[in-house]
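Presented below is the structure to which this report refers.
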Amino acid sequence: MTALARTWDHLTLPGKALFILIPLLALLTTGLIVVIALFGKQILDILIFNLPIVRFVFAATVLLLLAPPIAFVIIYMEMKIIALMNLRIGPDRVGPWGTLLSTIHGLKVLMKEDFTPTRADPVVFTWAPVVVFATMALSVLVIPFAPGLFAQDFNLALLYFFAIGGLTVVGLLMGGWASFNKYSLLGGLRSAAQIVSYEIPLTLSVVGLVILAGTMSLNHIVQQQGVYVDATGSHGSGWFLDWYVFRQPLAFLIFAIAATAEANRTPFDLTEADSEIVAGFATEYSGMRFGFFFFAEYIGVFIISALTTVLFLGGWNAPFPFPRISWLVDPGSLGIGLLFVVALVPLLGTLLLAAPFYLFRSQTRWWVALIIGFVLFNVVAAGLFGLWAYINFDWVAGLFWFLGKTFTLVFVFVWMRGTLPRVRIDQLMGFAWKWLLPASLLNLFVTALGVLVADALRGGPA
Amino acid sequence: MATQTFAKGTHPSADDPHVLVEDDYAFYEPIPPYPPRTEREAEFYTLGDGEMFLNMGPQHPSTHGVLRVVLKLDGERVVDIDPVLGYLHRGVEKLVENADYHQTISQVDPLEYISSLFCEWAPVTAYEKLLDVEVPRRAEYIRVLSGELNRISSHALFMGWFALDLGGLTPILWSFIERDEIVEMLAALTGQRMLFNYFRIGGVNGDLNHEFLSRLGDWMSRAVGQVEANTKLLNENEIFVRRASGLGVVDQETAIRLCMTGANLRATGIPFDLRRTHPYSIYPELEFDIPTRSEGDSLARYLLRMEEVKQSLRIIDQCLDKMPDGPIMAKLPRLLRPRPGRAWAAVEGPRGVYGAYAISDGTDQPFRLKIHDPSFIHLQAVGALLPGNLLADTMAIMASLDPVMGGVDK
Amino acid sequence: MDRGLARRLEARFEGALHGQARQRHDQTEIRIGAGDVIEVLRALNDEPELAFTMLVDLAGVDTGAEMQVVYHLWSATTSDWLRVIVEGLSRDDPRIASVTFLWPGAEWMERETYDMFGITFEGNRDLRRIYMPPDYTSFPLRKDFYLPDDAARSPGAGVRHVERTHSPVDAAPGVMRRTGA
């Protein structure tokens, strides 16, 4: 017993935590295995019975787990692209071309001191970043990434999205108020005014689109922008002219501007204008809490880009219909040849790709050439595999186009940040209420009128 | 109802029922812990209805150096402003009294550290007037050449800072490219990148050398295009123009009453530039214009400084063409003992009139050197221009007046 | 050197000037007493033949025997700088009228002079220290400022040897060797 006490004394805090956790985990794992062994069949039945819920939970988990990597990618993009626009180099050292830098930043915020200011309201202070992040996480659940790849879709998805997105302002206000800091207060109030003002043009500009689409379900909106169902029941991608951006150009413009303001991005980033109010609502936050705010901002950029893509740019549809080829090769038909293929193709590919380096570049030694060949072979093989997956699985194709369009819009947001100065609060509010709101109303009116006229000409609703 | 705020336990008559003594929230307010000493201080530290203090402290991402500004805000609107100086006060005027005349040059360099050559030029000219020394023509041409290069680099930095305070991240880095080239050039000439210590009483320290001239030639061929590209980034930017125009408008009479000089005065329409209105050195022989604008707002000040850069390029061209041969330094004894007397000299620096008043008492140390710094005056003008504007304009107005805290605080 | 300016000034301000207007290089210098400040500077600013509308500098000087305040003015009518030396301020309690009624921009320059010399400008609404902290007790640019004594009175007193009070025998105020011209 005293030996245990002595060991316990010698341990550091993480050591003590592990000392307790590992036996606990072992116990839980054995318990789990026992439960599965005994009740496995009943559990499986329950799960299959509730498949939609299981699917939703799984998808939500995957999205939450993917959020940090996406945020890291966007943070890196921002740092690198703005640096290149500034004629600097940007992140360079950590990882190839600095790509691991944002990951390291993420780990670094975990290790910073996490304090609450003395006079700050501890409960509100702690929950503010959680609220902001939670709203972002909830709103990403309805975005369709590819045919069949969405967490949940229902016929009010768009409304749900705007409703949840509007809750971000609660989190920002909480952060601004609870910090007991006038800079934070100013930042929080500015953000409240800004987000609330820009929500109206944001939602109104989309109503015209909803009238044309006839549904608020994001999945259906994307399908309408490309998918046609012909007599055989098959569906394929349409042309880019089907995208809603060509049918609702004014709405696209208003939506893009209002979305920039919703996400607190330059030129509307006065809530965190660091030349005036240090960091706005996030001034007193450090460590992981600041990490949450930071994170939530970049996820927000991704989300609004994703929504713009989904609504106006065709979502996961390709710009023009590709011919459908089937490349499914049945591995079973190869028989013993499969073994040869699996063994020989990498070898031959490596040798083939290594040969030019060895033959034409005199200072390359043979083993260096082989390594280069192997790496190149992997790259080529991955590319070919990707191509095969693209052709055969429509969710891969859809994901490819969706991410391509979304990250193009993210690039545009980053581009704006690097180029434009920021507007003043009165100019911002004036712009929202005096220009964007009437423009979105005009758009709505014209769309509705157009639909009525088209129906009348057609002799009845379509 | 106005409440005068004091920290706990500091008001002399805390039992007066008409004076509200705050609880320890007042500890967090930027109010001084003593009763107000002057009537202006009392007026400032009395809060009206719905007003609050905001302290933009000495550490802040964009006060131009260590400056503390206490703002009285009504929501986002600035009602009053009280700049607190002295965080960079180095006592240069006292230090100079214990040094030789030659040593004072390196001591006055860090006053306006961005345009050091002008900080040296005024005292050196004042000493030359005390000593009745005539500076050789080649030295004067070199002074003008290096001074105009310093003016361009200072204006480039101004452009970057101004844009940064308005939120643009890119112009400052582009302007640093220009500034870096000029500063490397001046390093080739003077030996230093920033606090040059180049002018001497009676001339300059080193002659033009090959590296300086080749860098200068290289840069001049690109300079105009670079300036154009930099300014195009901002001039045609709608957001920038709308932020900066109509901001901090000064009319001519106010500008003179506030003792403003330099580009801030010329932006109101008064063509006061010491290089033309009170010529010194060899400026009468050079051809250049004095750009003026009449709007008097921040945009006018910005555009004016960009036009001055072009005029400076003209001057540099002419200096290179007309550079005479000859000595670069007048013959002077090593230990200078001017006759007792007083002299004043002023030069046109990038920020305004930079003056030096030197009193000599016959010994080898100056008796008094008073430096007149334009940034000091212009920072005072912020207090007259800012009330009524929004918080976001605080930094914009301050940046457009281009103060340098080294000069403000001496 | 604008001889005409010297004549005009001597003609206009006969009684107020102490001695002749002196000229050297491109500067004209007149000396007045503290009581004449308001009248002379207002006349210099307002009168159209003089038109010294720009106040370029306001300096304080401690000559060891007395204190002076020096104004530098510029006018479009002449090519000279005008220097107005207000002399005769006592070293114990120097007081002078403030020119902020004419030039509000002189407020900070007067604050600086007060901070460095202790010269009180009557009429300046905001005469408090500008560079030194508000509880500072000395006036640094005076000739009788002795740094170790001042440091000994400061909050960091006694920490370093220079801040311990000691008055060496030759620590006399630095008076000008010759009360030069």
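We call the chains A, B and C, going by the order they appear; numbering starts again at 1 in every chain.
Heads up, the rule we're going with is that a residue touches a chain if its C-beta (ideal position, glycine included) is under 8 Å from a C-beta of that chain, and two chains touch if they have at least 3 such contacts.
Keep in mind the model is a prediction, meaning the values are calculated, not measured.
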| item | value |
| --- | --- |
| Remotest chain, subunit C as reference, centres from CA atoms | A |
| Identity of the most central chain, Cα criterion | B |
| Distance from the mean Cα position of subunit C to that of subunit B, given in whole angstrom | 23 |
| Distance between chain centroids, defined by C-alpha means - subunit A, subunit B (Å) | 47 |
| Centroid distance [mean C-alpha coordinates] between subunit C and subunit A, Å | 67 |
| Contacts with two or more other chains, residues of subunit A listed in rising order | none |
| Subunit B, residues touching no fewer than two other chains | none |
| Of all residues in subunit B, those that touch subunit A in their complex | 28, 52-54, 60-62, 76, 163-170, 173-174, 177, 237, 239-240, 242-243, 390-395 |
| Complex interface listing, subunit C residues touching subunit B | 24-27, 29, 53-57, 59-62, 70, 72, 74, 76, 79, 81, 83, 102-109, 112, 116, 125-135, 140-141, 145, 176-178, 180-181 |
| Contact footprint of subunit C on subunit B as seen in their complex | 32, 34, 37-41, 85-86, 89, 91, 93-94, 129, 256-261, 272, 277-278, 340-344, 346, 353, 355, 357, 359-363, 367-368, 370, 372, 376-377, 379-381, 384, 409-410 |
| Residues of subunit A touching subunit B in the complex | 82, 85-88, 119, 180, 182-183, 186, 190, 266-267, 269-270, 273-278, 417-427 |
